[in-house]
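Beneath this line is the structure, given in structure tokens, with notes to follow.
As written, the chains take the letters A, B, C, D, E, F, G and H, and residue 1 is the first residue of each chain.
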Amino acid sequence: MTPPANSNGQRPAIDPNNAAMLIIDHQSGLFQHVEDLNVSEARTNVTALAQVATLAKIPVITTASVPQRPNGPLIPELRQYAPHAKYVARKGEINAWDNPDLVAAIDATGRKTLIIAGLITSICVAFPSISAVHAGFTVFAVVDASGTYSKISEEFALARMVQAGVVPMDTAAVCAEIQRTWHREVALQFAEIYSAVWPVYHLLIESYQKAQDALRNHEQLDSERA
Amino acid sequence: MTPPANSNGQRPAIDPNNAAMLIIDHQSGLFQHVEDLNVSEARTNVTALAQVATLAKIPVITTASVPQRPNGPLIPELRQYAPHAKYVARKGEINAWDNPDLVAAIDATGRKTLIIAGLITSICVAFPSISAVHAGFTVFAVVDASGTYSKISEEFALARMVQAGVVPMDTAAVCAEIQRTWHREVALQFAEIYSAVWPVYHLLIESYQKAQDALRNHEQLDSERA
Amino acid sequence: MTPPANSNGQRPAIDPNNAAMLIIDHQSGLFQHVEDLNVSEARTNVTALAQVATLAKIPVITTASVPQRPNGPLIPELRQYAPHAKYVARKGEINAWDNPDLVAAIDATGRKTLIIAGLITSICVAFPSISAVHAGFTVFAVVDASGTYSKISEEFALARMVQAGVVPMDTAAVCAEIQRTWHREVALQFAEIYSAVWPVYHLLIESYQKAQDALRNHEQLDSERA
Amino acid sequence: MTPPANSNGQRPAIDPNNAAMLIIDHQSGLFQHVEDLNVSEARTNVTALAQVATLAKIPVITTASVPQRPNGPLIPELRQYAPHAKYVARKGEINAWDNPDLVAAIDATGRKTLIIAGLITSICVAFPSISAVHAGFTVFAVVDASGTYSKISEEFALARMVQAGVVPMDTAAVCAEIQRTWHREVALQFAEIYSAVWPVYHLLIESYQKAQDALRNHEQLDSERA
Amino acid sequence: MTPPANSNGQRPAIDPNNAAMLIIDHQSGLFQHVEDLNVSEARTNVTALAQVATLAKIPVITTASVPQRPNGPLIPELRQYAPHAKYVARKGEINAWDNPDLVAAIDATGRKTLIIAGLITSICVAFPSISAVHAGFTVFAVVDASGTYSKISEEFALARMVQAGVVPMDTAAVCAEIQRTWHREVALQFAEIYSAVWPVYHLLIESYQKAQDALRNHEQLDSERA
Amino acid sequence: MTPPANSNGQRPAIDPNNAAMLIIDHQSGLFQHVEDLNVSEARTNVTALAQVATLAKIPVITTASVPQRPNGPLIPELRQYAPHAKYVARKGEINAWDNPDLVAAIDATGRKTLIIAGLITSICVAFPSISAVHAGFTVFAVVDASGTYSKISEEFALARMVQAGVVPMDTAAVCAEIQRTWHREVALQFAEIYSAVWPVYHLLIESYQKAQDALRNHEQLDSERA
Amino acid sequence: MTPPANSNGQRPAIDPNNAAMLIIDHQSGLFQHVEDLNVSEARTNVTALAQVATLAKIPVITTASVPQRPNGPLIPELRQYAPHAKYVARKGEINAWDNPDLVAAIDATGRKTLIIAGLITSICVAFPSISAVHAGFTVFAVVDASGTYSKISEEFALARMVQAGVVPMDTAAVCAEIQRTWHREVALQFAEIYSAVWPVYHLLIESYQKAQDALRNHEQLDSERA
Amino acid sequence: MTPPANSNGQRPAIDPNNAAMLIIDHQSGLFQHVEDLNVSEARTNVTALAQVATLAKIPVITTASVPQRPNGPLIPELRQYAPHAKYVARKGEINAWDNPDLVAAIDATGRKTLIIAGLITSICVAFPSISAVHAGFTVFAVVDASGTYSKISEEFALARMVQAGVVPMDTAAVCAEIQRTWHREVALQFAEIYSAVWPVYHLLIESYQKAQDALRNHEQLDSERA
């Protein structure tokens, strides 16, 4: 059976060497609309995407919707953690794919797989994702690095995108599918990214190190002190 | 890969020039059944649809289920904000598509894309949407301008409609897909509609204007007064 | 586009003249496992299905899983409201479709569409529904007249069934798709069924009648008494 | 330490021989506002209170808020299951305690403990409960036979009432505190009331009887048939 | 027993003739923090308070926290619906009660009961409410016309305020306790306020009127047309 | 200030040397009603109480409500883990405190502090807890080793008990307040009890031991193998 | 119509004689990330899978992700209840399917159907499941014996897997589809497994046995004692 | 009326000049148990407390429960942001107040008000808070800089602490009550702390600055470009 997603018969997974990342409208004002997940998590997650793209040398394109107006500026982490990102100013188009400069910038990367995150999911992610599938791209939508105004909106944006052949993913899965193996040089940097996305992972590392230090240093138990 | 929705190989998105809107059974009694979202939001959202249709000159057809009985009258906002809407009285048919006058009214618009909202989702939206897909229309069901009696009912109505080729959307995405760009004359009217659908957007605009006024008027900070 | 559900190119909706109903394992012990919806609602809803089947002269087949053991007896409402139902005793098969007597009973009805409800959804509904689709039937699974042991179980049972071509529905939608129109003789009996499934509908009718009585009887307002 | 509730140093529990029941504004329209619990449960529970009052010969007073207007009629179960209830028509007072006829009716019972349920909790229960405590009564507010428009409203109404010395209870606890023992004649009637309030109890009884019947009748297990 | 709230032995209820209203920091930016209830409801509810104060001639004092900075301006509805409100500019004090002008403005009203709403509940409501109780006032905190950054924050702010003798209320209860009776001239204006706070009430009125119109006008049922 | 709970001026904490434990109606049928927490957790938690009582030599009294009828038998873990428990058969009394044998059994222990858990919280815990406070005992109610039929029921049972001077606790806090220190012989047995109550604690211990073993055994990382 | 899942035209159900089980990364540290279901349930459920595999003689392969580091050791229940399981050490590959030894171990079983559970669902289950479908296997993903870091992550992992042709199931359904009938020798062992997965089933059995014992032993009711 | 909390007739609010802070058992392993709030938020919030203490020169005492064992090390942020904190090693006592060194350290500060946060709330916060009240201190428990293993546990720990006279607060309220006014030198540092506790506040500041920059720099709107 052929999987119904837009992978042209390939395993429907991210090939980091053929992928570009598209980060859309992560602006301070639009973040205020996010109700389907924790605002702080959404911000942390899109920052992780920027970091992973840098680590894996994946081209990044950013864009914003009228940042001079109430939607506000892009969050500065994008530039900070993906300094190689190319910013494309739109001329008012809501669907980023309707902006020819943006499509040209994607084409210039030569990549045929897109990793897309954006605010608001049902608009800024769904519209260009569906457009890109229709234009022949393999598209992965990163839902918890995006966000929308209600749980219902999220559920139905998911359904619409999947119906159109977009592949849904979460941030950690994107990082892991790009990383592929712990048997590589930058494994530690990936671990740091997971520590931000998963606060529990950070705690695990701290516990692990203390458990080994306690043994290594022959620490006396507090409860066994005189 | 061909997206599985009912778009006949076109990008599965709303073309405002080929769309008609169908608003079904938004009656005061039926609103009382809505449990999958806030009653007030459902009412605000369907009102936004009426406004957007007027703004984009999209034909609207309204209908009701025995308004002389406990289901009650259509909410007056529909007539108020879409004065061009055509009302079709049904003769008891539960599936609006079973009423020949309603199908004739749709055919008279010459449009082949339908934007449908209704109460109750699993009945008044699902039945005609599935029928319309079967009859060859491209159908967008607007779930948060509709409503149903339980979260389970909503989830399964979504699944049934998507399985049948109906495209699910939320109200804001419908507005944005019709608007297309901020670079147009009625952009401000669209912004006002978003302010109603998204109370947060209203607050953002108020904050934005105050921030600029504070600078423009050289207002002294309260906290720095003598 | 052909809808992907199991409708052989027909509108994927219930045709009451070609439908049989299969009610599986609604036993007192198994009801205790229901956690994805209110036990009381599940019991009311499957009772409504029995009533609608009787009203619309739809054949009903019931079955139970070892009722002599802790699973307990079928609830008596099934016999009470669908006295024409045929009970098939299984010989231990978990998937009711594995019992040849049950399949024979279905075949004897001559119907090719099945409306299925059962406890537990992911087992007693999913197994025979998927089997019946594979055997060429058009199958509608009634999820809120069924029930399962967790929300996750429900969500994944839905996904599995939809993937296999089963059509998901809620109880009220089944009733309405069978009823078709208020312009028929037994409309009032249908209204009574909705009043049980939807307590709000009951209240609406009571409010409606009082509003008309107040006018008809020229009742004085309490707040305007001397 | 003296418990802070309004029990004058007595064990703060219902004494059925000194209690009267006050059922306020359970009208079809007001039921539509109930969002903190299932409408159906609220209706079942207040009906159970009426039944228990009849069983235990507790005087009942009912009242309604302008039933000729959109609030609608009292639900008929109150009269049906507590035919001895006395109805007091108010003259527009929102706080039932502000109506002298109602206070007189309570005084006429000679009881000093009140069991109060009503719609809407934060208004129709809280106002008279607090007034009654202030007037020297011991007051039990039955929250799941009442209901209000949001979870927040419920939480804060609880806090306000407890702060004022009202004792909060649920329906089943009221029934049980009135019943006192299974070692009495009408025990079976109490069990029937619990079966309505707790659908699970109904199922338990059915399972229990079948388990004994299976043994008594030497039923063969389905799974062990030839 | 004496109720533990701050009512000095009086019935702990609002006396509209002795009450002043204090509306604190309902600013566009601070509204963005509200997570314990729907932002739109919080805005609607504080607007209702302003309307009720005007209707009942209750003095209103408003104040804001550095509106020239990111907290933003007070929402304009306050001035619109309570034009008699007195605005007190604070000089940076977080606890409004620490501002002598504000306390002086309250004292100038001669009222000893305060109805307080504010953003953020745990700070802008809790601090001055507790201070006012300590200063001898009877204080009612209106929680759903306020709002805070998490459900936990709300629950613990409630606990702290109740512990300190503040009386918690919801918006509808405040309106009703001020209104007292439907047997008064401005009853209709109160009904309009409830229609905003309770969208369901609006629907009930629409259903009621239609039910009477259908009878009055001898409307034919749609389902009985030829 | 004197804390308002029933501690007679002592620190309101469990003194294991003055405490008896009362475990009421943990019967297989009544467990089916538990909806405010996970049934499995409630069963695990009351078992932990039995274990802790044994470990700390605290007298235990168990009782059941008509176990020959649908309420079913006490769970066997109680006898298994607290073999020293004394079972008191009631004669139909719903409030266990109304049974003189049970009160006598408590008096026979000479303890003046009671740790109480039971099914259903609002009845089987609340009634005897309030009675015991009234009789002069210091009472701790263990809510997550109990359970009731709805979240509302739990919230209001809590409010009623606290109002009456009962001290609410969770299972882990009871264990810890009895344990007092890790610097004692049976510390390891306490750790095992926490591992059951807190599955996370079990995982922590497993991680900790593996972290030390990996160091101790100089295990090679899988990711660094050739 | 052909069901879209990966069943090659067969009924998309588990054939126990053609199935192998793959249990991935159930390590003490990774369990701490599980937020979409109860950690305890996830652990119980994967243990049930191990037991069922042993009972039905299904080959099992286990693997872990760098257990010498903070992810921690595999839980010991896997070895305890599936002693025939083969452990494959990975060399750092995140997608288990990228490890040639693991694929070889699967091929060595000769089975073409895989039952997969793992931590974290969106990574450790989704990656190998999608890879296996692409490699021609029929794959069943057991979601409640897996777990992931948020509800959103779970929902989108489900969508991605279903889109790729993976069949989602819950633990109980897997057990039941493998068991097939109660009319077999090891039926009792299956019942014990359900008792662990479903605590309610355990209670039902206890109630059932007591109900029969009460009759068999002519037990006197407590409530009817003198 | 005297508020019932432990304030000895003073306004029950934090006096920063009389307060010490007690941070208990924020260890990497114990954080894994936190289920009543987001782990990340709990960690951020206790870090904010450390920062505020430093800013306001409030003495801090930290302690841990056997950090050499699975509970793990204190998070390093405490030392980082409150370098003046004094660490007290306990000798196994679960209730920190049972450790004489810790009480001595508190006494050495000369402060009579305690701000307490800890893991687990129902144990590590509740036990010493109640002990401290009993010892005559005024105690504020900071619940969202603490955390416990279930929502029920949190609710009942709150009830127990309030009953005993502990004052509950959230992190932001503690910061604000210590800050008192924006009209002070370190106001900006407080704003930075709020930005961490409230991610929305961070976004507001970014939006505000961009709104003013757009005006100041006469930026052209994207949507109005040629």
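Operating definition for what follows: a residue touches a chain if its C-beta (ideal position, glycine included) is under 8 Å from a C-beta of that chain, and two chains touch if they have at least 3 such contacts.
If you're wondering where the values come from, they're calculated on a predicted model, not measured in any experiment.
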| item | value |
| --- | --- |
| Equivalent interface positions on subunit A and subunit F, same or different at half | same |
| Whole-Å separation of chain centres (CA-atom averages), subunit D against subunit E | 30 |
| Whole-Å gap separating subunit A and subunit E, where each centre is the average of the chain's CA atoms | 42 |
| Between subunit C and subunit D, centroid-to-centroid distance (C-alpha), Å | 32 |
| Touching two or more other chains - residue numbers and ranges from subunit H | 4-5, 29, 32, 65-66, 69-70, 72, 91-92, 155, 181-183, 187, 200, 203-204, 207-208, 211, 214, 223-224 |
| Contact pairs between chains, per stated definition | A-B, A-F, A-G, A-H, B-C, B-E, B-H, C-D, C-E, C-G, D-E, D-F, D-G, E-H, F-G, F-H |
| Subunit B residues within the subunit H interface of the complex | 181-183, 187, 204, 207-208, 211-212, 214-216, 223-224 |
| Partner subunit F, residues of subunit H touching it in the complex | 4-8, 29, 32-33, 65-66, 69-72, 91-95, 98, 120, 122-123, 126-127, 130-131, 133-134, 148-150, 152-153, 155-157, 159-160, 163-165 |
| Complex interface listing, subunit A residues touching subunit G | 1, 3-5, 11-13, 36-37, 143-144, 154-155, 158, 162, 167-170, 172-173, 176-177, 179-184, 187, 198, 200-201, 203-205, 207-208 |
| Subunit F-touching residues of subunit G, taken from the complex the two chains share | 28-29, 31-32, 38-41, 43, 64-70, 72-73, 75-76, 89-92, 199-200, 203-204, 206-207, 209-211, 214, 219-225 |
